[in-house]
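What follows is a group of structures, each given as structure tokens.
Presented sequentially are two complexes of chain A, the first with chain B as partner and the second with chain C.
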Partner chain A sequence: MSTGDATLPAPRALPPWLESAVAQGLALLAAFAIAVGVGSLIITLYGENPLTVYSAMLSFAFKDITSIGTVLSIATPLIFAALAVSVCFKGGLFNIGVEGQFLVGMVTASWAALTFDFLPGLLHLVAVLLFACLGGMVYAAVPGVLKVTTGAHEVVTTIMMNGIAVSIVAYALNGPLKFTEAPPGQNVDLRTDIFEPSALVPDLGHLFGMGGSAHLSWLFPIAIVASAIVWFLFRRMRLGYEARVVGSSAGSARAGGIAIGGVQIKLFLISGALAGMIGMQQVLGERGALVQNYEAQLGFTGIAVAFLGQNNPIGIVFAAVLWAILSRGETALQLGTNLPREFVIILQGILIFSVVVVYQIAKRRLARRELQRAGAEVGLRDTATPEDEAPREA
Partner chain B sequence: MDLTDIGASIRIALTYFTILYLTGLGGLFSERSGIVNIGLEGLMVIGTVTGAAGAAIFAGPAPEGMGLGAGGVIFGLLFGALCGALFASVHAVATINFRVDHIVSGVVINLVAIGLARFLSFVFFEQATQSDPGGPHLPRLDIPGLSDIPWGLGNAFQNLSPVVLFAAVLVFPVTFALYRTRWGLRLRSAGENPEATRSLGVAVAPLQWQGVLLSGALAGMSGAFLAVEVVFNWREGQTLGLGFIALAALILSNWDPRRLLVVAFLFGFAQAIPLRLDDAPLISLLPPQFINMIPYVVTIVAIAGFVAKVRPPAAAGRAYEGAGGT
Partner chain C sequence: MSDERGAGRESAPPLVVMEHITKRFPGVVANDDVSLELRPGEVHALIGENGAGKSTLMRILYGMYPASEGRILLEGEEVSISSPRVALQHGIGMVHQHFVLVDPFTVTENVILGDEGSVILDMETAHQKVADLAQTYGFQVRPSAVIEDLSVGEEQRVEILKALYRGVEVLILDEPTAVLTPLEAKDLFTNLRRLRDDGKAIVFISHKLDEVLAIADRITVLRRGTVVGETTPAEASKAKLAEMMVGRPVLFRLEKPDVEIGEPILEVEGLLGEGKLNGIGLQVRAREILGVAGVEGNGQKELAEALIGLRKSAAGTIRLAGTDITGWPVADIRNAGVAFIPEDRHEQGLVLSMTLWENAVLGREDDPPFSGRTGFLFIERIKEMAKRLVKLFDVRARSINVAASTLSGGNQQKLVLARELDTSPKLLIASQPTRGLDVGAIEFVWRQILDQKKEGRGVLLISAELDEIYALSDRIVTIYEGRITGEYAPDAPPEEIGVGMLGAADTAEAS
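Moving on, here comes the complex of A and B:
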């Protein structure tokens, strides 16, 4: 491929942003094709027909309005999670700790729901959501401050913070937030007291005729608004510019007079606030309490969804819905095929890997073309990148 | 709490040391060659499920297994190492050939490993989250001399898995290979300055591939040890973030196999506190959930306190443009 000019078409006069958008779209399609292809191979090896399997998964997700609502409610926490990951990522930070921040957010929100039950109506809910964000922020601030003051890499510290967060939830459920009246029955799971209805997020699905099992709440539109805010913040505000500079080159940031540490801590705080919202769908939209067997791993899934959406707030919304369709497909597999439901996780994994690799290739080709165009403008025949010069190995 | 408890916690620390040291050495080979590998946890996960499967196949009783006894268990551990290396080759392709960001690829490795482990478990054991308990394992051994220490301290060195000894002895060949052989010099130079390495006519990409494959093999063996020799079966989530703690130990050791030996044991001891020393003075005042936090807090404090004093391989994490591929 590095035979250079021969394989590359002559630089065209497409505006760069359009070229970049087309390239991204093509890359996503290619990655998707690879994932579907490798998936088909596995399905065939398992003795099933790929077409049947894929169409079963798709048609199950869209079989009625309630099922669509379920897909959107699965997507809701994933949007918050992926946004949280992407905010840090824009500044070159890997917040692997979204998982822990979301767990702590659930604890602080539950505390607020039980403590501020005297607040009237909507105020109660607002207080709960505020505390969810606050819990996530405080918990995200720790690795942020450690990074800025001591240089401790955020990947290691946030992973450790995740381990601690699991114990914090366990402590809360065994101690301060444990139910005051044990529910009837013998082997009861630990949980908090049931929250007042004013703390819960109202259901949205019934407006569209969805069944109650969809659990589609107002959190979904809130998640959309959150992604719009993130888009605005990073496209139109100074912080977004500073984050991009810090993320792409610390040297330029320093030369440009940007306080790198300040930007990094701000990114961690925003990320933590978004992470705090992840757990609200299950706590306020479905269960009405914090329970022992809560749904975990959402923070980690957020990393995958953020990659799939290429850290673009709009892309993330679509990526989360796509992920939710696949996840819902697990049930379809169980009902209609002999394939183990774990196949879906494999498919999601292959998808993420091909997205990451294909985007990387597309990005490099774009950069090379940009370089050639710049070279053509100043009258040079070819400005080769180092990789074109280096002899091939292996 | 008495000396017997301390002896027992040293024994637990030795078990955790083995996991952390094997995985940490894996990370060391990879990062010394210039490829950051935060997928160690995921590689360990693959090692746990394939190691348990290998032990069941090679050493399990006759109808399903081959009944090879202790030798079969060793084959099982090696099978875990092989599968770890195979899975690590995904990281190698992504980072070396396609120059994907090392951390991004490592994160994806960890994400995919959880699903892949479930899938493999379904294929091997026909259940997604664990294998049958009480699987075959190696005969235990007492370390001569040390196991005779009186006051209960001797039990720290009794009834150990032979793999513990293997891991501890590994420090000699690894140190020799890294600092006394041509291969070791080239591997380290690839991680410090790949362009200079290249200019001397040494191909960088094969060295980095070797580093990453070694990291997969060692992390896979570490996972296999955990499943086969410690827990006696595979369970989902049994790695408990130890791959990341190994990564932290590697950083604190300044990427040196001899120092890593000490750091891995100290971190292993921190792991033993919630299990054995929960009635020690001061510690017993904490609620049990807080005692469980100790290993993680120790890791954070250690990293935050010492990270300024270590120096990673200069080119680790950086894409090397001459490595071939697209």
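Moving on, here comes the complex of A and C:
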């Protein structure tokens, strides 16, 4: 025993949560470094200089305050999307339907914007946001209830409901919500009527001297608050605790008396409400109407961002901003280099890939450190031995 | 029995010599200067508590881990065993606790897997070879049978055949009886004796002392990674072996508290469900421990799950202290005063990835002291409670903030026990409460269960270990194919209870 202990470094005395936060941060940085490295290789193969390409991307994202505002406004819907994905994921549910819930949220919000235009000032906006969440919730409740009552797998049902959601938007734009006041003699893209200004989310960027093109609205701070609420839900509230138990060990949850179905439906509802907020940036912050060529796929991007942020509400905010910087880099590539814009997608893919690898390594290191402590401090072989950890079969 | 023992071939040179093996893992020295000799024609038992280093030592021999120090000699020559494949080439085979068989394949297909010979399979020859092997060693298993149709005992035979097919001379068995019924274990011992008489060296890893005394020719005891002694069944006794393993005397019979048995707490009548429960009726009274004995798979798991509300019964009633709780959800049954120690603590007891304090509150998170009406958790109170429980039950952990997965099995079980008993239940359902625990932890758990009687609680003890049933029960019933087949006094001879475990008493009753 003494021979073994002598060779071991003394365990550091960082509080576990801080240690895990530092490890997560380092892991993300390492993953980013790998992605940049592999990306450099590809850039070089294209005959460009990685340094110029990256600096073009970075300087474009940070070239002035308006540019920074644009990055944050791109990040805003991604934060909502990733939070929506992560809420379900913590409870062991794979909500692929965030995309559909976001689309339906846009439709219900637009309906509310046009219908409640008599409401004064802020009340109008509040009603619109409420209906955005409500639409997402109702649409998320369907797979939730199906899962709990019939056992239908949520991945299958949500994927199918995503398809239906696309048609719902098309129907709304062609039917009930179709514009009534098109400018005569002009060809106008299919859209709803322009909303009253009271339905729009006020601009935030101008307070910091950003140009109007940044479209940074109050939705960004709302997204930050939402991630704080999600953090609080899972760390400090009974529902979040029960959700984590359900997600980690359904058998123990059931034996402990947790009503698994109830927890799962609640998670779907929360997830749906968050998903409903995704579309608000484009509808209420940028266009002031629901248009036919809306920006889709944000729900799916949310899955990637949630993954990048390791389903941690704080991590998700950073991951969304990182993702936004890369997305913004597309424009920089087109302006300053010969690289195709798809390079950004490749870079995002590599980033996800290296995150998988690096986090696994980090996780193992943390587990090892934990064992090391257990062994060293308790001074017992009686704590878990590596043989319990080791794979059963070679 | 002892006359059946192998000669041990004292004169024969040892087949395998492990010299001064040391194995370090981060923070732990799993093996510290261990030396071991294996001779042809002997069953060599390797015993010790969980984590004593038995499995590690054998995994080094089987090439799964490299040793940090020390060397391995095979028939006098030093060898380097870098992988299980190399170990097999050297004639060393290992059968793990968890089998690695391909379920839809036949016995022969599984046996030749990884050693198929040429590109084109000669199934006829392989078939014949497997049949011959089975014949030689008296293994009752059909080469053409499909794995998924086999019992656990038969699957184990296939695993052993796999090793024999590759011509091993040294066969390592890691806790082979942990998954077997008593009868299957007996068959296994017969097979092992045949192999031993054929000159093979067999390593038998176990912490069940009765079995070790029955089968072993030599016994090596490990404690905390070092060899604390070598002995033979003739020289050793159960008590002595236990003391060597734990490092202090262990009581196999604890004193049962002398309390007067009270009113019925649990009354079960005609419980039916899903083919596994065929009309169970039983009663547990206050300050009484009722032992349910039976070979595993006769409805014990289903009974426990029906009582705690995890399983709906088709018919029958369950009354708790006079209240009909049939069909109630788990949470309500728990609130009414039932505590549950599941047979699989990883599946139904703990969330391994979560911390000790989070596990300590599982199932009680909506109780007033731990969360408010609005759904907020009172983390400080939960942590206080967890600290108290960890101290009270001597759960050895660095802090309550570590994950439950870092605890040993014994400490995990203590945590489950602490949580369940802290609710002051009327009834405790303890399902295989000491499964996989070592001697020291077993004693602790037994003491806790016995102490329930002093608290006026009733205990339903379900166990496949007769030892445990005897040590704790005030009354014993046997279960067979989902029915209660007999009731016995706590001092009834094992043969009598054995009859009930095989269902015979029931037939007698019926006729």
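Just so we're on the same page, the second predicted complex is superposed on the first by the 339 of 394 C-alpha atoms of A that agree within 3 Å, B and C clash if a C-alpha of one lies under 4 Å from a C-alpha of the other, contacts with A are read in each partner's own complex, and residues count from 1 in each chain.
Everything below uses one rule, namely that a contact is a pair of C-beta atoms (placed from the backbone, for glycine too) under 8 Å apart; a residue touches a chain by one contact, two chains touch by 3 or more.
Just so it is clear, the model here is predicted, and its values are computed rather than measured.
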{"item": "First, second, both or neither for A:Gln24, with chain B first and chain C second", "value": "neither"}
{"item": "Which superposed partner A:Asn162 touches (first chain B, second chain C, both, neither)", "value": "first"}
{"item": "Which of chain B and chain C A:Gly151 touches, first, second, both or neither", "value": "first"}
{"item": "Partner chain(s) touched by A:Glu342 [first = chain B, second = chain C, both, neither]", "value": "first"}
{"item": "Partner chain(s) touched by A:Arg364 [first = chain B, second = chain C, both, neither]", "value": "first"}
{"item": "Touching partner for A:Met237 - first (chain B), second (chain C), both, neither", "value": "second"}
{"item": "Which superposed partner A:Ser40 touches (first chain B, second chain C, both, neither)", "value": "neither"}
{"item": "First (chain B), second (chain C), both or neither touched by A:Asn174", "value": "first"}
{"item": "Shared chain A contacts, counted only where both chain B and chain C touch the same residue", "value": "1, 385-387, 390, 392-394"}
{"item": "Residues of chain C touching chain A in the complex", "value": "22, 24-30, 32, 49-53, 55-56, 59, 62-65, 83-84, 96-98, 100, 224-225, 308-310, 329-335, 340, 342, 344, 346-354, 358, 361-363, 365-366, 371, 375-377, 379, 396-398, 401-403, 405-408, 410-411"}
{"item": "For the chain A and chain B complex, residues of the former touching the latter", "value": "1, 94, 96, 146, 150-153, 155-157, 159-164, 167-168, 170-171, 174-175, 297, 300-301, 303-304, 307, 340, 342-343, 345-346, 348-350, 352-353, 356-357, 360-361, 364, 385-387, 390-394"}
{"item": "Residues of chain A defined as touching chain C within the complex", "value": "1, 3-5, 7-8, 16, 236-239, 241-242, 244-245, 248-249, 251-259, 368-378, 380-388, 390, 392-394"}
{"item": "Chain B - residues contacting chain A, complex", "value": "38, 90, 94, 98-101, 103-105, 107-108, 110-112, 114-116, 118-119, 122, 128, 198, 203-206, 209, 240-241, 244-245, 247-248, 251, 287, 289-290, 292-293, 295-297, 299-300, 303-305, 307-308, 321-324, 326"}
